[in-house]
Amino acid sequence: MPTDTTPTDAEAACFEAGIKFGSLYHQFAGTPVSPDSAASLEAAIEESIENQPHCAAVTVDVLVDELEAELADATADYTELTGRFLEVEIVVDYEGCEVVTRMEMEDGYPLMRLESVRDERST
Amino acid sequence: MPTDTTPTDAEAACFEAGIKFGSLYHQFAGTPVSPDSAASLEAAIEESIENQPHCAAVTVDVLVDELEAELADATADYTELTGRFLEVEIVVDYEGCEVVTRMEMEDGYPLMRLESVRDERST
Amino acid sequence: MPTDTTPTDAEAACFEAGIKFGSLYHQFAGTPVSPDSAASLEAAIEESIENQPHCAAVTVDVLVDELEAELADATADYTELTGRFLEVEIVVDYEGCEVVTRMEMEDGYPLMRLESVRDERST
Amino acid sequence: MPTDTTPTDAEAACFEAGIKFGSLYHQFAGTPVSPDSAASLEAAIEESIENQPHCAAVTVDVLVDELEAELADATADYTELTGRFLEVEIVVDYEGCEVVTRMEMEDGYPLMRLESVRDERST
């Protein structure tokens, strides 16, 4: 007997959350960034990704301390945005399912992970 | 009584699939492309995204007919890669859950959607 | 007799100006943008590219009227940043040579062009 | 007396060469890459940038030895494309002026520089 493989709303919500994370990272990785320009980049990333469907909230921290540490030994006064200068939280709301996701460094890689999946209709 | 909001493996698999789609689109949208360079771009997109964790297969079609139609009226012989020149299928395998996702145009937008979610351990 | 092919400072200044334009366009093309998020994106583009060496000033206008016209007939309330929603001026100063460059639409393409090259040491 | 600030053809050629370099770097930086996918990425970068106006030739080396060294100590088997894994040469031909440009690492930064500017009409 075939198993039903139709996605649930919660699974679709998780898919949407993943799209936002992949979009955010690959749109903005490589952007020239310095401690002085970190705040405007944070705001632009948040507002641009919040345009995407079902995206309830995006919070971006460009880690100025990490930027300053990187630049202390450098000949330049800016670098390229990459995962180790970023902390991100994205909340997606899809058909009443709320998904919270977060990106942080783990073992030197920017790890994107699902924090929670809540079906608000059942609570 | 609090509801358990811990993601299931199937939900995590859908999140992973979304990451791949968002990554693919925002990494490569904007790439200069022509009918002659479509094939090498297809191969590079497939192989680069297949590097990502849990990514079982990526199939990319750059729609040469659509490119040719766009360029027939243009003064240039190339354009920028965007959703209406792309069809993509991505298969993710995460902890025994297989997720199939597809991008195609709908109402003029590149719609990314979940096709199926199959828990191979239960079939 | 071999011709000297060593670049002049003015030529190097023009090369630097081109780098800024190509960087700006291909870093930010594809970013989700709406009339409401246009201002934060303008600020982030300006400040990020001004980080690059020899970049004296970047002025970005995201054309909100053009965005609104595009979205009037659309089912979505955002679109992707591309050349027809952008006007950009970049001023580069390299070893005393000031180069002014501008991007505007021409025949449906975002045309980047050199406005002026001024060797300030000789004026 | 005002100085003439109209760009020469050689200056315009250098501007065009800079555009190609900035485009190449900011379009493809961040792409997931491994030793196995390096060759397809090289081909796609070359062919896509060669689409741009006045671009005579693009030669891209993704430095597989550098990738392997980076990945030897890593938990992942891919990384993100960035300047230290790239060597690029771009030749632009604009109105009879040939400009040769190259990118290589210097002091830990991907330095893009003009190699030569040759006005073929005068030789």
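For clarity, chains are labelled A, B, C and D in written order, and residue numbers in each chain start from 1.
We adopt the following convention: a residue touches a chain if its C-beta (ideal position, glycine included) is under 8 Å from a C-beta of that chain, and two chains touch if they have at least 3 such contacts.
On a predicted model such as this, the values are computed, not experimentally measured, just so you know.
Comparing chain pairs C-D and A-D by the number of C-beta pairs in contact, the larger count belongs to C-D.
Spacing of chain A relative to chain D, judged by their CA centroids, is 29 angstrom.
If each chain is reduced to the centroid of its CA atoms, chain C and chain D end up 18 Å from each other. Residues of chain D in contact with at least two other chains: 23, 25-27, 30, 76. In terms of inter-chain touching, the protein chains here all touch one another pairwise. Residues of chain D that touch chain C in their complex: 3, 5-8, 10-12, 14-27, 99, 101, 112, 114, 116-119, 122-123.
Remark: chain D residues 23, 27, 30-34, 36-37, 40-41, 43-53, 76-78 touch chain B in the complex. Residue ranges of chain B in contact with chain C, taken from their complex: 25-26, 29-30, 74-76, 80, 82, 107-109.
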